[in-house]
Structure formats: C-alpha cells, structure tokens
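Per-chain residue numbering starts at 1, and chain names A, B, C and D are given in the order in which the chains are listed.
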Amino acid sequence: MSTSKYGEYGGQYVPEALMPAIEELTDAYERYVLDNEDGFIDEFRRRMREFGGRPTPLQYADQLSERYGFDVYLKREDLLHGGAHKLNNALGQVLLAKYMGKDRIIAETGAGQHGTATAMAAAHLDMPCEIYMGETDVARQRPNVFRMRLNGADVTPVTAGRGTLKEAISETMRDWAGSVEETHYVIGSVVGPHPFPAMVRDFQALISEEARDQIRDRIGRVPDSVVACAGGGSNTMGAFQHFRDDEVDLYAVEAGGSSLTLDEEEGVAPNSASLSTGTDGVLHGARTKVLQDSDGQICESHSVSAGLDYAGVGPELAHLVEEGRVRAVTVDDTATLEAFHRLSREEGIIPALESAHALAFLDRAASGDADLGDEVVVNLSGRGDKDIETVLEETDRRDLSVAPDMSLFEELGGGSL
Amino acid sequence: MSTSKYGEYGGQYVPEALMPAIEELTDAYERYVLDNEDGFIDEFRRRMREFGGRPTPLQYADQLSERYGFDVYLKREDLLHGGAHKLNNALGQVLLAKYMGKDRIIAETGAGQHGTATAMAAAHLDMPCEIYMGETDVARQRPNVFRMRLNGADVTPVTAGRGTLKEAISETMRDWAGSVEETHYVIGSVVGPHPFPAMVRDFQALISEEARDQIRDRIGRVPDSVVACAGGGSNTMGAFQHFRDDEVDLYAVEAGGSSLTLDEEEGVAPNSASLSTGTDGVLHGARTKVLQDSDGQICESHSVSAGLDYAGVGPELAHLVEEGRVRAVTVDDTATLEAFHRLSREEGIIPALESAHALAFLDRAASGDADLGDEVVVNLSGRGDKDIETVLEETDRRDLSVAPDMSLFEELGGGSL
Amino acid sequence: MSLASAFEGGPAFVPYLVAGDPDYSASLSYVEALDDGGADAIELGLPFYFEFVEELDVDASLVCMTYYNLVSRYGESTGPRPFVERAAEVGIEGFVVPDLPVEEAGPLRDACDEFGLDLAFIVAPTTTDDRLQLIRERVSGYVYVQARLGTTGAREDISAQTGHSLERLDGWEIPKAVGFGIGSGDQAERVVQAGADGVIVGSALVEIVGEGIETDAPTTEVSSRLAGKVRELKAGALAGGSSTNRNEHGRTDPTLER
Amino acid sequence: MSLASAFEGGPAFVPYLVAGDPDYSASLSYVEALDDGGADAIELGLPFYFEFVEELDVDASLVCMTYYNLVSRYGESTGPRPFVERAAEVGIEGFVVPDLPVEEAGPLRDACDEFGLDLAFIVAPTTTDDRLQLIRERVSGYVYVQARLGTTGAREDISAQTGHSLERLDGWEIPKAVGFGIGSGDQAERVVQAGADGVIVGSALVEIVGEGIETDAPTTEVSSRLAGKVRELKAGALAGGSSTNRNEHGRTDPTLER
C-alpha cells in the first residue's frame, strides 16, 4: 500500500466526483508501477530507452569544474526526447492510462513544456489527447502550441480569468470531473492529490537511478551533493530519490525571482520560492508549502523561468525540507541569467532557464554560501532552445558581463526571432 | 594511407595556398583518426557519449510499421546534442584541430545547423570559433544565429552576392587561405577536398556502427535496407558505412523539390537532387555530381529543407551511386511535408525536414516504387523544432489532409511564431 | 439551530452566489435578492471576509461554500477552528467545502461540532458504496447530491439520474438537496418529483451576474432578474413537491441526526 | 608563341579583370583600357564566353583565369580538351586555374601541350619543397608567385616576403610574376626590385570597376581610371626594373622551357 501523507503534507483534497478516479488510480499505481503487474515497468523502461533516449549521460563539465574548484557532473536530461525530463512522467502516465483501459488523455499546461511532452507521449502511444492552456499562454507560447498540434493533440484555449496556468488547471479538473470513467488526467509535476506525487516521483526517479550508477562507475562512490531546481519539484524528486539513503547533501534550488518579499497588498510574490518562503496550505489537492497571503488567497508567483513559476510545490519535497533532509535555497533572476550564459558559452550547452537556477547555485556555493564538497551532481533538467527569446529580452535589461553582444544582429533585418 | 579518389570522383581541387593545410590535415587524419594516435578516437568516442548523448536509440516505429506492412526502425540522431547528426562531425573535427595544435576554428553555415553544431563543439572544447554566414541567412535564421552567439562563437555576416551559403563558403575559404597555420576549417558534410569526405564519413560512421549492433540485437540479422536523406551526404554516408559489406540495400533520398527539371535559362534547379539529376563537375574542392548548366555554371538549388539545399554532393556517395551500390531516389516537397506531419502525429516525433525526406520515401516504397524488404532502418538525422515556421507556411500553401488545423491559433493574438 | 430546518417547510430552494462578485456592494444586493425571491438557504461562495455576512440582511439560512485552504488558513493558529468560530459569530449555519473529501474532514468536522455548525458533504454519481457509508457517518445539515458528472451533455435525463442517486441514499435521515446544472423551474420541479428535498442552483445565477457585468446593467436590474429567476425555481420546486407522493422516495422527517 | 615572351621587354605588368563585370560591353572597354595602359599580358577571369575574346581588340597576351569546373565541362566530351581547343582558336595563350593544384592538372596540361598553350601555376608561401619540384616540372608561361597568404595585414613587408619567395625559385628558367594584394606603383616597383619578372594586379583593378558600379560612373570614365591605374603600376614596375641589378636575383633569359 502506498502512503498518501508525508508528515503534515500530502493527502487528497479533491472534489467528491473525482475520489473514485483517485482511488482507481491509486490502485493502478500500486499494481502497475509498484508491483510491475503485466510487465508495466518493463515496458515503461523499454519505451523510455528506445523512444525517450535513456539513459541520458552524466557528463563531467570541464570548464565549470575548473572554475569552481570542485568536480561538476551534469545529468543531461536536456538530451531526452522533447528536451526535458518532463517526458519521463508524461510517458509513464500515458502508458499507465493505457494499462488502465482509459482511452483519452487530458493535461493542463502553462508555458507548454508539460503539454508538449504529454502530446508526444500520447501520439507515440496512439491515444487521443486534449491539452488545456490559458489563452494568454496560447498567444505567448505559440511554438509550443504548434508542437502540440503537430503531435495531433487538441489544444483548448481557456478564456476564463487571466488566461494562464491557474485557469487551465481548473478547466482540466472540470473536464476530468465529468469524464473520469474514460479519461486520465496527466498531471505535470509531483503535485496534486495522492497518488500523483508518489507516482510522478517514481517515474522521474530514473534520473537518480542512472546518475547513482554513473557517478559510482566514474568516481567509485556517491557524490557529496546533488543539486536540482524546484518548481513543482518533479525533476528535483527524480534527481534525489535514489540518493536519499546515502550520505549525500540534497539541494533544491528555487526561483528567487526579483525579491523574496511577498507583496501582501497586491497578492503577488515576486518569486516562486514556496519551499523557502511559503506557508502551509492546501493547493491543487494536497497540503503543502504555498505562496499565499495571510487570508489564504493564493498569490501570483513570478520567475524569469516559466517552468518554475508556480505558487506551490510537491508535498513530499516540502516534507523533506521540513525534516532537514533536503535544503531549500534560492537564486534570483539575474544570477540565473548569468548561469545560463556561462554554461552556453563555456560548455556548449544552452540550458533551460529552469535548469540554469541549479547551475547558478554552484556559483553561490563557490563564493562560500554552501559547501557542496568535492563531487557535485547537477541535474540539467532541460535544454534552453525554448528560452532564447526571453533570455535576449531579459539580458538586454541588465548589464551582464558574461552575455554575448547581440547588437550587430539587431541592425540586420528581421525584428524578433 | 588514405585514398583521395573514389573512382572518377573526389580529389583535391583547392588553391595552392591551401595545399599544405590539406596535406597536414591528411596526415593528421591518418594518424589520429585512422590510427588512434594519442588515443584520439578514444577521446572522440568518450566525448560523443558524455557530451553528445551517444549511443542514440534505434526505435521500432509502431505506427509506421503497421501502416506500411514492414518493420520500420528509426535511428534517432534527432536525440543527439544540438538536435542532429551534425555534432558527430563538428566535435570530431574540433577535437582533431586541438590535437593538431590549431587554436582557432572557422566554419561556414547556411541554415545554421552546421554552424550551431560547430559553435557547441568549440565551446565544449574551449576553442575560439568564427562562423561565416551570408547576411540574408543571418536575417532569416535568427534563432540559430543567437544560438551560435550564446555559445560564444563570432558570427560574421557575409555581405557579398546574394548573402547565402555560397558566399559564406567563399569567405570562409578566403579566411582559411590566409590563416591556415593556426586555423582549422570545419567543413559541414562529406564534401570538399580529400581528406574531408573520408574524415567526415568516419566521424559520422558512429551512426551505422551503433545501428548495425542494435538491429542485430533486435532481430538477429542485418536489415534488408537502410534509408537516409542526402544533402551533402554526411548522415547518409554515416548511416551506410558499416552496412556496405552486408547484403543490405542502401537508399539515398534526395530533395526532389518542386520539379526534377533544370531551368537552363535561369540557371536554377528547382530541386537539390545532384545524385539523381546532376552531371560530373568540380565543386568545393572535389569532382562529384553537380547541379550545373551546360556551360558548367553552378545552379541555384532549391528545397523546402534548407539543409538539403545544396548543388553538390559528397564524391564517395556519387561514386557509390555510379557503382550501383547505393540507389539514389527523390521525393518532392509535398511528399516531404506529408511525411513530416505523419511522423509528428503518429509517432510523437517532429522530424527535421531533411529527415522527413527519408520518411517520405517509405511511403513511395509502400505504394510499390521500391521493395525495401521486411526490415528497414531509417536514419532520423535531426529534429524539426527549427522547421516549424517553414512547415506552417508551406503547409498553408497546400492542401494536406494529414496536417493539423491551425486556423484557431491564427485568430488568437501574436502574428508569427 | 440546524440547516435541516430550512428544509422543513416543504421542498427547499438553495441558491448559490459568490460574495464579492462582481464587487462587494453589488453582491450584497444580489444575495439579498435571492432571499427576497424565497430562498430557504443560501450557499455563499465566501472568499474570506466575514464583514460581508454581518452586513447581510436575509432570512434564509447561510451556508458557506469555500476551498479548504481558506478555511484552514484563517487566523493565527493553524487548522479550521478559528474560521469556524468566526463563521458562527456572524451567523453562518454550515459549510460545504468541495475540495474536502470526507476522509480529510476530521478537523473541520470537530470544529463544526464544537460551535454547533453543520457540515454538508457532496455525494457524486461516482461515489462508491464504501465511501457513501463514511459520508453518512459524518454529514450533517443536508447532503448535497451531485446530479451528474459533467456539466455538458443532455440535461433531459436529470430526473432519472436523480432518482437513481436518491435510491442509493434510501433511509438516510437527512435532507437531500440536488444540484449541478439545474437552471429552470421545470428542471427544479422534476428533480423534486424525483424525490429531492431541495434544489441547489448555482451556475444559472452566476450567469445572470456575469451577463450583468457584460451588459453593464445596474445593480437593481440584475437584482430583480435574480429575484425573478429565484421565484421561478422556487415555484418549480414547490410544484414538484405538491404533485408527488414524496414519501414514496423515502423522504423522512428532516431532523438533525448527528 | 609563348606567354614567356610577354616578359621579354623588361618587367612585365599583368593586370587581371573579369570578363562580363559588370556587363559584357563595359568589360570589353575595361579590358581594352588595360591594354591601352600598357599591359603586357592580361589575366582574364573568363566565366565561359569565348565570343568576348573574339571581339576584344588588344595587343597584350591573354591568359584565361577560371575555375576548373568551367574548363572541364565545356563542349560535348568530358575533360578540358574542348575548352582548350576553343581557347586556342580565339587567341588565348595560356591558363591559370586557381583551384587546380598541380597534382590534378594532368589532363589540362596535356590539352595545353596539344594546342600549344601555356599553363601557369601558383606558388604560395606555404608551398612545400616537394610540391615546388612538381610545379617546376609542369609549369609553363610563367610562375605566379603568391606574395602573401591573407589579403589582410601589413603590406609593408611585401618586398621582403617576395624576396624570400623568389629565392626558393632560384634557377627556374621561367618568368616569375608576383601578385596578391599589390595595389600601387610604389609596391610594384619594390616587388620588381626584389627580383620579380612581372607584377600581377587584380583586386586593385576590380575595385575600380566596383566603385564604378556603386557611383554609376559612365564606362568611359571607369575605363580611363583603369588605364590611369595601369599606367601607374606599369611605370612602377619599369622603375623597379631599371633601379636594380636584376640578375642578382637570378633572373634568366625568359624563354619557354618545357
């Protein structure tokens, strides 16, 4: 039996109509994922290998290691099909839906990363798929919208409210509440009601399962620390899972945005650091750390990285931080941009802005803020092709010595990207 | 000793000033690449594994196999770092330059794929890098320009002529002729004077080395045929190399464009099918098949896919076609777009337009144009993120039943991608 | 005091509106219009301000419908107790918390008991028999019977669905209010005919408020439209009650049972 | 007839222009202007039309400079023979093919021999001793001594570079024409002082044509500017010749040696 609570956190705070689906899913999770019934896990692993491109390499970063004086190893989830760790979860859940006899997939997406991963997995497994996306996001994330459409998914713009992630989640929930019998809702991170946090963690745990073997092959022991960014926390939990019983320091790097101080008046958090600055609450089906005002209204969160821009965090991760097993730290937008440019320029890898948060923390550590030890594994959760436009704009506003000069290309025809 | 001639083709048609560089390179190629001096090949393989993400999977394509009635296996070069097979070559050459004691890298690029791969490899190996690119291309391939800049490469717009690939090549050659002592010119395909065609082939041969092992593990024998698209022919030669001594049919699929008939008047070929429709000539340092008019003027080539849009082809590939070992076939732009949509929608993989040519040929074969046998390996040379804008435009102009309806998203704000 | 008493005068009509939608003072008027129209109880979507309830001048019983996060975050100490205490002070008689399944409801149930408030639960078509049992043990005030799963699809078979749902609650000594997608007097009538003790109407009223925003209608006009709709629905419910032998469907004396 | 004879009257001046640049008739005038200015031989960038040469009215020897693809593609049969045959017909005396290294030059050398034409090769600062030997065996007309590698960088040390390059050709019984980035009469003079038998000037003249296009200058004006430049360069070459003991640098009687 799987447990639905992590200390104070977790649980199943969902509408009554969904409880049977949640119970059915819990049952399926225990049978297929935990007990490998019908060879589910074997097929999952095989498809992640052949379709997804696993195992991803663990790469020694020559330049960063030299710069920081400790050995930096990059777990290259950016090389996964679709360009991020998201596929581990999306493929796992779509495959599970298939084993459960569901014949339709729905998912919400904000920036579009989870939506594209789900659309890819659904196309691969020949399942009809509908993605809900706020209409504001549809307009500003067009390449991802086209990708989903090319993969045969329906993209349904949600017109309510501000037309972003929050409304998209509500609309997906509404769909699910009315279609639970034939539909599976693929949640995008280790959030939501049980069994989602546990299940998504288990799918993402391929990351640390491989990384642990790889680093031991390389240096003959486990690393001193593992560093991963945390939005909802799925790449984080995936990168930590198999190191939890080792003597390894685990760092969850949150988006410090432009400031760590909440604007109570406006109900706005200029960051997405729910582990570091949030308070206990119930969001999207689970008790966890949440960015909220003193009345319990959920705040708008902010980050230069769309994928970290979320007011909650996975309940198990919140618990691990509470327990002291995981350290929650933050880096701000500017440090993140610097780390983005540094990796691009010095290692020839353009990281996702999400992942650049993890990299930025190396810099903070090297300047004395933390002792990461001699051997450090960083989870490079995704590639940054999707972020280039944002990075150019945000770099333009700042004075970053590490950034390349782009002025030449502004003169030469063509406006934006 | 390596041979510089493939039957009638190949050779070293270069300015006198470059001959010593070519001789030095030939020597280095023989020592490092062929004889693994100083462990060059070991380091190359290790870096391709850790940095590049090799081996790439060989994936059974469920939906395509069912559709066509023969087993289709996709060699997933789209999962390589950078999103295409180009890195195999770029990293190999930049590493070789390092072993040769060069301290500067130059390369030409058209659409930007080779330029981005070279910039990544140069950043990874900490080598200064300059990419020449026609100014027209700079304006229309901005995301790739930004990627190169982010990786720390200098991008030098070439203002001569039409400002495209041809002028960029001339300018790179001019640079090289004046800087051979300290500079290595990283050519982007199996073209150019010896030893480039042999060397690039050897770097790309990782593709078939892996694919041959993988397919034998899977089905216990070599496949009946291998299909790859051919521009310059580097992914092609790479995919064929280790199958050349087997009883395996090898298909090089060229860009048929909009028509196979050359417009002598305008000096324009509405295709890039040099193997299928070209004549013998000397281009970029080698004798090979070339799209040219009866006076020997090189024609402008055309293809919906920028990476195949080239008037020549690798001399060894031309020779293999002449000999009958490789069959050269063509598919046109429309069939390519259909194949692009089909793979995106049915397999959850958005292919590069170049690679979509190879996929389109499966369709032609299934309708009786060729007998590929029961077990077919297709080289999926790259991913299609870079092509989405082109595909939308080109799809719009045609009436493709397989394409998704995008009209909804044209209404919702935001003009282009 | 018990919410169940709101169901004593025959089939009850229970409308729903959100406090503060579209603004504080307009919504005060709107909620009062529901009362004028003859609401027996009002489910009030209550973000967080209790002063709204203090200002409100209505006869109907007030039920607070809100997310559990708001309930559990209120005041200095953690848990739902401070919220329930304050709700009791302003005269709220009970709660419906749609994202709080019965399994997680222990702390709120305890606080409600302490302050004498009711805690209604929703029963959905998908609720399993095991869980029905749990709900029966913990519910008070009324049970909210969700008429169907999705809001889309044919609405004609609403009475059949409702009949089926109510059969599963046979013998429960608590009023059964049916809601979800009911929008006309006619539907209200058929639901009551099918055995419901009350009719809950939400989106049909929220839509009227929404139209008011779109057409920029004066508050008084929206209020009178709301009151009209409420009268239609109430009348439907009453008509359903008089045209049917209600005991056939297991209706019992609606007294508080916990 | 041999190209070498163009070098007989003292230091030769060998300008280069492209036939058809910017258009057919203008370039006819321009090439004739080179001749008027006193060119001893003219290197003609010749895309493919021989009728241009037929129309041309010049005294200087004509050398065809073109890419090997054009040479080898001409006419019905493959290989360079038809091109060379036609070139001979219109009075061209020899070839320089910059992308044809001596190793690949067998077929063209044979065709030139058959029709009595010269084939010049380029010697670069990077040319190895082994390859120098090969070139010496196959060259005829003159050897084109490439003065430096890049076109950029300091041009001051051109005579030193040239002196060094010419030393490597000591004893070659063939005129040595130096080119690559020479643009003034002064430079021409110093190159000849350093031992060159001739001076080749290309980009400085192509630039004048280019400026003519940009400023939309009439053909006659560009022609006269070209002729002026040619006179300056020719004068420089001659000055270099008279101010120097040329035999010191190994100059020999420029007769055809193959």
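Note that contacts are C-beta pairs under 8 Å (C-beta built on N, C-alpha and C of every residue); 3 or more make two chains touch, one makes a residue touch a chain.
Treat the numbers as computed from the prediction; the structure is a model and nothing was measured.
When the partners of subunit B are compared with those of subunit D, no chain appears in both lists.
Separating the CA-averaged centres of subunit A and subunit B is a span of 34 Å. Taking the mean of the C-alpha atoms as each chain's centre, subunit A and subunit C sit 38 Å apart. Inter-chain spacing, taken between the CA centroids of subunit C and subunit D, is 99 Å.
Per-chain Cα centroids separate subunit B from subunit C by 66 Å.
The touch graph of the protein chains shown is a line. Every pair of chains that touch is listed here: A-B, A-C, B-D. The part of subunit D that touches subunit B in the complex is made up of residues 47-48, 67-74, 78, 98-101, 103-104, 121-128, 131, 146, 149-153. Contact residues on subunit B toward subunit A in their complex (touch as defined above): 49-51, 53, 56-60, 62-63, 76, 78-81, 119-126, 135, 138-140, 142-143, 145-147, 149-152, 155, 157, 341, 344-350, 385, 388, 391-392, 404-406, 408-409, 412-414, 417.
Touching subunit C in their complex are the following residues of subunit A: 11-21, 23, 174-175, 177-181, 279-283, 285, 290, 292, 294-298.
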